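Data block below; observations after.
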Amino acid sequence: MANSKYEYVKLFEQPDVLLPNTWIVVRIDGRGFHKLSDRYGFVKPNDRRALDLMNAAAVEVMKELPDLCLAYGVSDEYSFAFHPSCLLFERRSAKLVTTIVSTFTAYYIYLWGTYFPDTPLQPAALPSFDGRAVMYPSSRILRDYMSWRQVDCHINNLYNTTFWTMVLQGGMSNTDAEQELKGTVSSDKNEILFKRFGINYNNEEEIFKKGSVIYRQYQLEDAQSKSGTSNAEEEEDMPSAPASRSQQDKIRKLRRKAQVVVDHVDIIKDEFWQRRPWILSGRPGKLPTEAQ
Amino acid sequence: MANSKYEYVKLFEQPDVLLPNTWIVVRIDGRGFHKLSDRYGFVKPNDRRALDLMNAAAVEVMKELPDLCLAYGVSDEYSFAFHPSCLLFERRSAKLVTTIVSTFTAYYIYLWGTYFPDTPLQPAALPSFDGRAVMYPSSRILRDYMSWRQVDCHINNLYNTTFWTMVLQGGMSNTDAEQELKGTVSSDKNEILFKRFGINYNNEEEIFKKGSVIYRQYQLEDAQSKSGTSNAEEEEDMPSAPASRSQQDKIRKLRRKAQVVVDHVDIIKDEFWQRRPWILSGRPGKLPTEAQ
Amino acid sequence: MANSKYEYVKLFEQPDVLLPNTWIVVRIDGRGFHKLSDRYGFVKPNDRRALDLMNAAAVEVMKELPDLCLAYGVSDEYSFAFHPSCLLFERRSAKLVTTIVSTFTAYYIYLWGTYFPDTPLQPAALPSFDGRAVMYPSSRILRDYMSWRQVDCHINNLYNTTFWTMVLQGGMSNTDAEQELKGTVSSDKNEILFKRFGINYNNEEEIFKKGSVIYRQYQLEDAQSKSGTSNAEEEEDMPSAPASRSQQDKIRKLRRKAQVVVDHVDIIKDEFWQRRPWILSGRPGKLPTEAQ
Amino acid sequence: MANSKYEYVKLFEQPDVLLPNTWIVVRIDGRGFHKLSDRYGFVKPNDRRALDLMNAAAVEVMKELPDLCLAYGVSDEYSFAFHPSCLLFERRSAKLVTTIVSTFTAYYIYLWGTYFPDTPLQPAALPSFDGRAVMYPSSRILRDYMSWRQVDCHINNLYNTTFWTMVLQGGMSNTDAEQELKGTVSSDKNEILFKRFGINYNNEEEIFKKGSVIYRQYQLEDAQSKSGTSNAEEEEDMPSAPASRSQQDKIRKLRRKAQVVVDHVDIIKDEFWQRRPWILSGRPGKLPTEAQ
């Protein structure tokens, strides 16, 4: 019994290959996490268990996909970056996005009990994530994307910290707190925290203020004195013709050897990128020696 | 602190809205399930627990997304069909695909223990799925797509049943069985099963031979005598202008009330579709009365 | 000297194949024709020479591309429809659109002198056209698209006829005429034309009121009594699997034999389509006998 | 009479905006120019009139679209490059491509008589062009694209020059010449030309050997000593955030003032680009002073 009569339906599959030599960022977001965080009693404004679970799932995604250079997470979202030279799944968009979304979801569900030992998942309200891929044609724009997410983290966290302190410690109603914060700038919020509650925002946990950045660890390099030139050099070095399959396999193996680390640091300024040139270059660095 | 400096990166997000008035099929596939089925000791040629788990996850997806009309599953793949009138997530491809993939994965992981009580998941080998969306511009082609999958199910299952019977009951090596089956047609395989092993393929379980079809249950209608006309009528009826938001919400509510059922029947012939006209029309039928 | 070093740039070409089994409409529009019609002294509200030139160019496009089923033109725009079964240029969007735009432009420029013998083209202001392709997944929607254009033709022509009569015959300023027409409905405009200027809009030229429809001429069939069923039957008949190359070549030859005609008739009601079933079916009819 | 009933068909128009901050190359090709060059008696291997007509049409396209940075033509093809910062027509692909194709075609037809005064166009065989847009994410790759076309020009021209000399001067049949050239490399062809016919390929006209490059003329700069670094600097300088509308208008005005020139020079090596930095930077240079 041949299947040829119906096989024409395969013709309806349309290609979705992403443009070569561009950064691919896959951002995933929790679906309905506002409601979900209430249902599972997430601590306000930041639930450390929930963030650690997000990071743990993201680390597993980074380990499963050595083509990934970087991931940045905040709240219920995570951005994963593939290098412009990446040829994984022939750069098919749906394949890249769904692989990341599914792997992340699998670990999030599987590891839930580790981070929420006293709060079992409810079958009618399982967490899930959606996602999408976006292309960025240069390292400068990839960095601007990451800066955008980290600035957003800061803005939201300062707001949320102030709001929930006013409500939980100050005894204000949600509406009153919201009303008072309307139109305030950063310095206003810092002052409210400090004057009324004795809280110095700078002393808040780094993971709340900076979000989480995940990358492979090699020997750090010295930060370069000439600010800004590093990128230009990356661009210049960046190969435009695609790597051979064997070159790719070799690089993938080297990447698997590196440790995947979670950091809570500034990724807006040059220093982060200058000391870790392997992230933008896509070329593995030297593994840290034991002596270090 | 405004975020405007970096916000331009949002301009790089490209729209991925699917063409209106076309069927959308999201097909998901297990990633590396050949290896995974070995690791978790799936029974050959069909593991009933694994199929039941697939079906259980798919049922939850159907329940969470009332816009879905139909799902068809076989082995480690599942196809979910949205009606041409569907406007969920403004028909954005990545959003539709990732929502299904993530929801399916979440339930697959969560329900694993129910179906494999003695085989715990291993953290280094969690199951995951990829997926993609394809558009089909008419009900005829949607049906041909479903026929394609069910014929595939039949071809693969007959082959696998014969192969594994030769190996497990006949004591042949994998290579020898493969060699003997090369070039055989259906009747040859039926004969091998019957003459050598006394197995009548027709008596195999329906779920193995037909796969699993999931839909919402309303009162069945009589099959129409005029074959083939049903589709033409569906097409004729099919609204071309989009439904209003309130109409959509109303239909969604009606769909939520219907029971989601799993069936193992022929979906190639007309009868299945004629008795369940609500699947192709997208208009909910009458709920079965209690007396029935 | 091999070219292999640079050939990788071909990888950046992305596919743009349109979905199979959908109608493809390529609509072209004159670029800056408002200004251009002033420069070349087009008669207001309708310049018969300009419309005849548009039609002449469109007829040549229909002749060069036998895959085209239908064209509809009004003012400085023209819509060309490819049948769902069309496989020309593998349905690549840019190729289809640019071929039509370029062929149309070539004939428009070449034939200009025939229709504007006293108004030579000026090198700094050559007419040109842009265009785009849109897919429509059923004959019903294709007909609604064509109805949309013809209703637009009617609305604009009634407005323009009234406006320019008020200005040219009534001696009103543009501003005054515009002001008076603001908020009026069709019957108001008909009344202005009739009461003030003795003009019965119904007696205006059909080409102005209905636009121009171009198709291949076969023996007309009787209009069917059952309204609306025709479409359903078309859909039902429509082949879903692609035609072979030889079938396509045969159909193309038959189409080349038919005469291409320009008509100014209603294409909103069923009659036009029922009497010319070959347009929606994509199957050539019988050539008119000489006796007819 | 409202048009709302049919207006839903507009929903089927899908966006085709090209990725920001990438080079856009629109390449157009003559349709069926092999046959057409026979019909109009183009001189072999190169018809200077035909090339001059191509260049004249391309110059007009460059003048009409100040957003274009560069054009390169060879034989019956022309590539037009928009800068990454270009926002013309919101970067809609079909609009950009069809505008170029139509404008080019219009001038090609209009100017035909100037370049072929004794060979009038035949109504059944008007020249036309198809086209497509491709994105290139860096200046390095844009340059590689241009190198690819110029190397292709060289390879084809050396072959054609040798082939037609063997046929026209050597009296060989087409088949014999083709047979002899099979498998030859550049030096073989140079030797055939020189030894048999006394032709030094280096003395052939530059327009045949190098093709034609079109750009806006500003004051040339000194070629930089450090080879290769120029690109890195361009990248570094390249703005990533979009320009405001007024900035764009200002730049467009400056570009309109520059003279559009046609050159036949090497565009593979760095020198061309280093002396004309405005091409890759997208920032107009200084207009040449009268004294120069």
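Letters are used for the chains, namely A, B, C and D, taken in the order the chains are written, and counting of residues starts over at 1 for each.
Everything that follows uses one rule, which is that a residue touches a chain if its C-beta (ideal position, glycine included) is under 8 Å from a C-beta of that chain, and two chains touch if they have at least 3 such contacts.
This one's a predicted model, so the numbers in the text were calculated from it and none came from an experiment.
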Message: Count the C-beta contact pairs for B-C and for A-C, then tell me which is higher.
response: B-C
Field: Rotation angle superposing chain A onto its copy chain D by C-alpha atoms, nearest 5 degrees
entry: 180
Query: How big is the gap, in whole Å, between where the Cα atoms of chain B centre and where those of chain C centre?
result: 42
Message: On a C-alpha centroid basis, what's the spacing between chain C and chain D, in Å?
response: 32
Message: Roughly how far is chain A from chain C, centre to centre by C-alpha average, rounded to an integer in Å?
response: 50
Residues of chain D whose C-beta touches two or more other chains: 8, 12, 14, 19-21, 135, 141, 144, 240
Query: Which positions of chain C touch chain B when the two form their complex?
result: 19-22, 84, 135, 137-138, 140-141, 144, 228-229, 231-233, 235-236, 238, 240
Task: Spell out the residues on chain D that touch chain C in their complex, using ranges where they run on.
output: 1, 3, 6-10, 12-14, 16, 28, 31, 93-95, 97-99, 101-103, 105-110, 121, 123, 126-136, 141, 144-145, 147-148, 151-152, 154-155, 185-186
Statement: Residue positions on chain D within touch of chain B in the complex are 5, 8, 11-12, 14-15, 17, 19-21, 240-242
